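Shared between the two complexes below is chain A, which pairs with chain B and chain C, respectively.
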Partner chain A sequence: MSVVEIRGIKKHFGDVRAVDGVDLSVHKGELLVLLGPSGCGKTTLLRMIAGLEQPTGGDILIGDEVVTNLPPRARHIAMVFQSYALYPHMTVFDNIAFPLKARGIPKEERRAKVENAAGLLAIESLLHRKPRQLSGGQRQRVALARAMVRSPRVMLLDEPLSNLDAQQRASARDELQQFQRQMGITTIFVTHDQIEAMGLGDRIVVMHDGQMRQVGTPQEVYYDSADTFVATFLGSPGINLVHRADYILGFRPEHFLPKDVLAADEEKCVSFTYDVTRIEYLGADRLLYGNLVGIPSDVKTMSRLPTTVPVTVEAGQQYEFVIREQDLRFFDHTTGKRTAPREIGE
Partner chain B sequence: MNLLYRAKRGLLYATVALFCFFSASPFLWMIITTFKQDRDLYRSKNNPFLFNDPPTLDNLRVLFFETKYTTFLWNSFFVGVVVVIITLAIAIPAAYSLTRMSGRWGEQAGIAIFLVYLVPPTLLFIPFFRVISKIGLVDSIWSLVLVYPTISVPFCTWLLMGFFKSIPIDLEEAAMVDGYSRLMAFVKVVMPLSVSGIIAVIVFTFTLTLHEFIYALTFISSSAHRTLSVGVPIELVRGDVFYWQSLMAAAVIVAIPVGIVYDFFLDHLVAGLTMGAVKG
Partner chain C sequence: MPDRMAFEVPEKAGTRTLADREGLLGTLFLLPAFVYIITLVGIPLVLAITYSFSNVTAGNTAFDFNGLENFRLILATPQFRRALWDTLYFTIVSQIIIIILATALAELLALDFRGKRLARVLLILPWATPISLGTIGWLWLLDSKFSPIDWVLRAIHLLGPGTIFGPGLHMNYLGKTNLAMASVIIVYVWRFLPLSAVILMAGLTSINREILDQAAVDGSGFWRTLLEIKVPLLLPIVNVALLFGFISMFSDMTVIFLLTRGGPVYYTQVLASWAYFKGVEGGALGEGAATALFLFPVLLAGVIMVLRSTRRMEVT
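Let's look at the complex of A and B:
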């Protein structure tokens, strides 16, 4: 059963097509991630679901009810803003109780619900503080508590982790996912950070220029990218794309390995002579930059070689590198869309 | 070290004390003058800060029983309160809609509105008098109630725009998602966060009505309808005779309570005026 259904939704700001015809259905209890570079329309899409932005065309259904023209307050949803948007003049308790007050829930029940939510997020001791007395991580928890306290049909999160530093972010990601699983709240999460998306999402929607490029599990969008945009956007570094006569050949750096490493598997492989020009040691991995001999290209072809693999590679040398055929991806050279595998003519 | 610190503190307090005396001395002088006899006041060799003759209450008797001072007080208070209410009722929604709803035009319109404030009353009192007489409000305090907002509304709208602009729109949107209408989001989130601005508006407007002179002089002709700023000088300057002691009393009786009330709001007021200045 889908909790949120989006049908042909569009949002144009003058000539700019921020969102240009998106169809999407969000399943009950899942954590769906909207992923894309800045300006791809993901936040606009989220704001339209919240009712903060009026779509130019199309419909939004929440729980089988068309809500396209309803104001935010009538949609029974919750949203966590990038800035957390905690009310600075209220205590943490009043912040969390605020959506309950709007629904006219009696005082005693309100107190019980707020305390329950605070307990789940381990912020009971902060209830009497004001938002300015909280750290970034604590503010995020308060914002989450305020979102879940009303038992919303959908919880919308707009880059809630981007204000945290790198260390806090990893633990916040873990807590957020546990919390979402535990509560079973259907959640839509907007981010431009692919690590967050891959780590958190049950499914990922990759967006670009107002359009949906692919929807799928993290594995699907990564290994079976629908087009060259998705393939290069995901992964760090992104996929290698080699332009041939009438198609584009794609392979991930971690699949492009020295012959000695892969030959033992006796699988069908494609081999290239690889001219290594530079090596970066990244601790766990070695990142190789180089060119495929005989195939001119503007971009360096990269290989990600785990340090644990006992192979010596030096810059300025040529090596025989191979890719298993199952790891090769083919894209149309004009549209960039994924195409069927084909024979590779040298 | 300790000695240097003490010297610095001492100098600081001395400076503060000097400024306190400097600010308070006009009021002190006024209060002392209020209770002086004529003979004491007019002899130029007497120290103005000391009673050379015994103090008297006679000047207060003149003020309260021989002039319509209590009527002036009431008129000024009444006009002030009504004008403050009108100003808030117009300037708050105007400033809010200009900051939130009209995009780039809002800012331009805000500046245009502020320019209206710069047109001086000396230029406007004759056309305004025509308007007032057409609608039959000559010699009525309602003429002042009608005209004062033309000065206060533009300035206060501009002042409040600076405030509303400084409140992140996320907060209102969060309130709307949390189950409130735009109006309730405004009342519950924006208003409490712009208290300083609203207090600045109240103080500015009330002070304006209290000291405004040209409109009050030209629109009102009978003493029963006069406000303080015009009534007091007209009644207590008779020909070329200044009733200095009663004039001082009339001024100080108003100034001190107003000063005390403003002082309660001082922190808000400073935040209000400076914030409007920076963000506006």
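Let's look at the complex of A and C:
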């Protein structure tokens, strides 16, 4: 059953097509991630679902009800903003109670609900503080408590982790996912960080230039990318794309390994002579930059080689590197869309 | 291969110029302002304070210290007490009206509509015109015989024989105590509203957009957002607007001087105008200085208090 349904939604700002015809349905209880580079229209899409932005065309349905022209307060949704947007002059308690107060819920019931929400997020001890006395992680919890306190139909999150430092982010991500699973609140999460998207999402919507490029589970969008944009946007470093006469060959750096490493397998492999020009040691991995001998290219081909694999590789040397055939991806030469596998002739 | 030698590496460090000497530059740039404040603000203030404790008059500049005698004298006159009361009354009533109207105006001008730029220019005009010019305009509007407001009132049958403001043909705004006081307040509001509105407008635009979006999503309507979110967040700015408003109104004598000259009788006299009439026109320099300085300690304490509380609120 879909909780949110988006039909041909568009938003144009003058000549700029921020969102250009998106169809999407969000399932009950899932965590859907809108992923894309900045300016791809993901935040605009989220703001239209919230009712903060009026679409140029198309419809939005929440719980089978058309809400396209309803103001935000009539949609019964919750939103957590990038800055958390806690009301600075109110205590944590009043912040969490605000949406309940706005809906006219009596004082006693309000208190019970706020305390319950605070308990779930382990922030009972902070209820009398002001937002400025809280750490980044605590602010996020308060914002989440305020979002879930009135049992929203959908929870919208706009890059809520980007204000945290790298260390807090991993634990905040974990907490957020656990919380979402536990509560079963249908959630739409906007981010430009593919690691966040891969780690959190039940499904990922990859957006670019106001359009949806692919919808799927993290595995699907990563291993079976619909086009070269999705394939290069996901993964760090992104996929290697080798332009051939009438198609584009794609393979991920972690699948591009020295022959000795893959030789034990019986699977069919494609092999290249790889001229390594530079090596980056990243702790767990070695990142190799180099060129495929005999195939001219503007872009370096990369390999990601775990340090645990006992192979010596040196810059300036040539090696035989292979890719299993099942890890090869083919894209159309002009449209960049995924195509069927084909024979690789030299 | 690019030629490496094309990038020449300098061998010696450069020199330091006047523009690099921040300490000296700071002193140099501050000097004119410093001289200006000392000569035109500092010295007159010290002089006024000394005069207020002396028996100096325009006719006799021999300086004799006479303690609090001037203050005792002015407190004994009904004109002074009336002026003190009127100053507070005019200022407080005007500022209440101004803050309410300014909030509404700021809110209105934050919206997007056609002619918004023009509306902003029109708004600032009363503040940009010389106060004397504006007041003279009002003087004609409120004239006892030729007031256009009277024409309008007569035309819509609110003034004249058998009407609610009748039976006379003229309201005589500046000649009746209550009307004169109301007129003074209206002119003050007209004059000081733009300043407050602009200050509040700046405050309103400085509120984080996400806070207001959050309120909308949280189900808050127009009035709740205004009263529970915007007004509390604007409070530090309102304090600043009030501070400026109070100080400029306390020290202004032009409006009274041109509009009513303190009349009818002395019922619209304020401290600033009374100090002028008494000290300059009446020649009693000591008493005039004492009148002008009467509220100085109170104002100073007020200013310090407001600035401190504003700084405390800003931390949020």
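One rule holds for everything that comes next: the second predicted complex is superposed on the first by the 346 of 346 C-alpha atoms of A that agree within 3 Å, B and C clash if a C-alpha of one lies under 4 Å from a C-alpha of the other, contacts with A are read in each partner's own complex, and residues count from 1 in each chain.
Definition applied: a residue touches a chain if its C-beta (ideal position, glycine included) is under 8 Å from a C-beta of that chain, and two chains touch if they have at least 3 such contacts.
Since the structure is predicted, the reported quantities are computational estimates derived from the model, not experimental observations.
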Next item on the list: Determine, for the superposed arrangement built on chain A, whether chain B and chain C clash or fit.
Entry: clash
Note to self: On the A-aligned overlay, A:K300 touches which partner chain: chain B = first, chain C = second, or both, or neither?
What the structure shows: neither
Note to self: Once chain A of both complexes is superposed, is A:R286 in touch with chain B (first), chain C (second), both, or neither?
What the structure shows: neither
Notebook entry, point to check: For A:H89, is the partner it touches chain B (first), chain C (second), both, or none of the two (neither)?
Noted result: both
Next item on the list: Would you check which partner chain A:K130 touches, where first means chain B only, second means chain C only, and both and neither mean what they say?
Entry: second
Notebook entry, point to check: Which residues form the common part of the chain A surface touched by chain B and by chain C?
Noted result: 50-52, 71-73, 77-79, 81-83, 85, 87-89, 98-99, 102-103, 146, 150
Notebook entry, point to check: For chain A, which residues are in contact with chain B within the complex?
Noted result: 50-52, 71-73, 75, 77-79, 81-83, 85, 87-89, 98-99, 102-103, 146, 150
Next item on the list: Note which residues of chain B are touching chain A in the complex, please.
Entry: 168, 170-171, 173-181, 184, 188-189, 192-193
Next item on the list: Quick one: which bits of chain A touch chain C in the complex? Just the residue numbers, please.
Entry: 47, 50-52, 71-73, 77-79, 81-83, 85, 87-89, 98-99, 102-103, 130-132, 146, 150, 156
Notebook entry, point to check: Which residues, counting only chain C, touch chain A once they are in their complex?
Noted result: 208, 210-211, 213-221, 224, 228-229, 232-233, 315-316
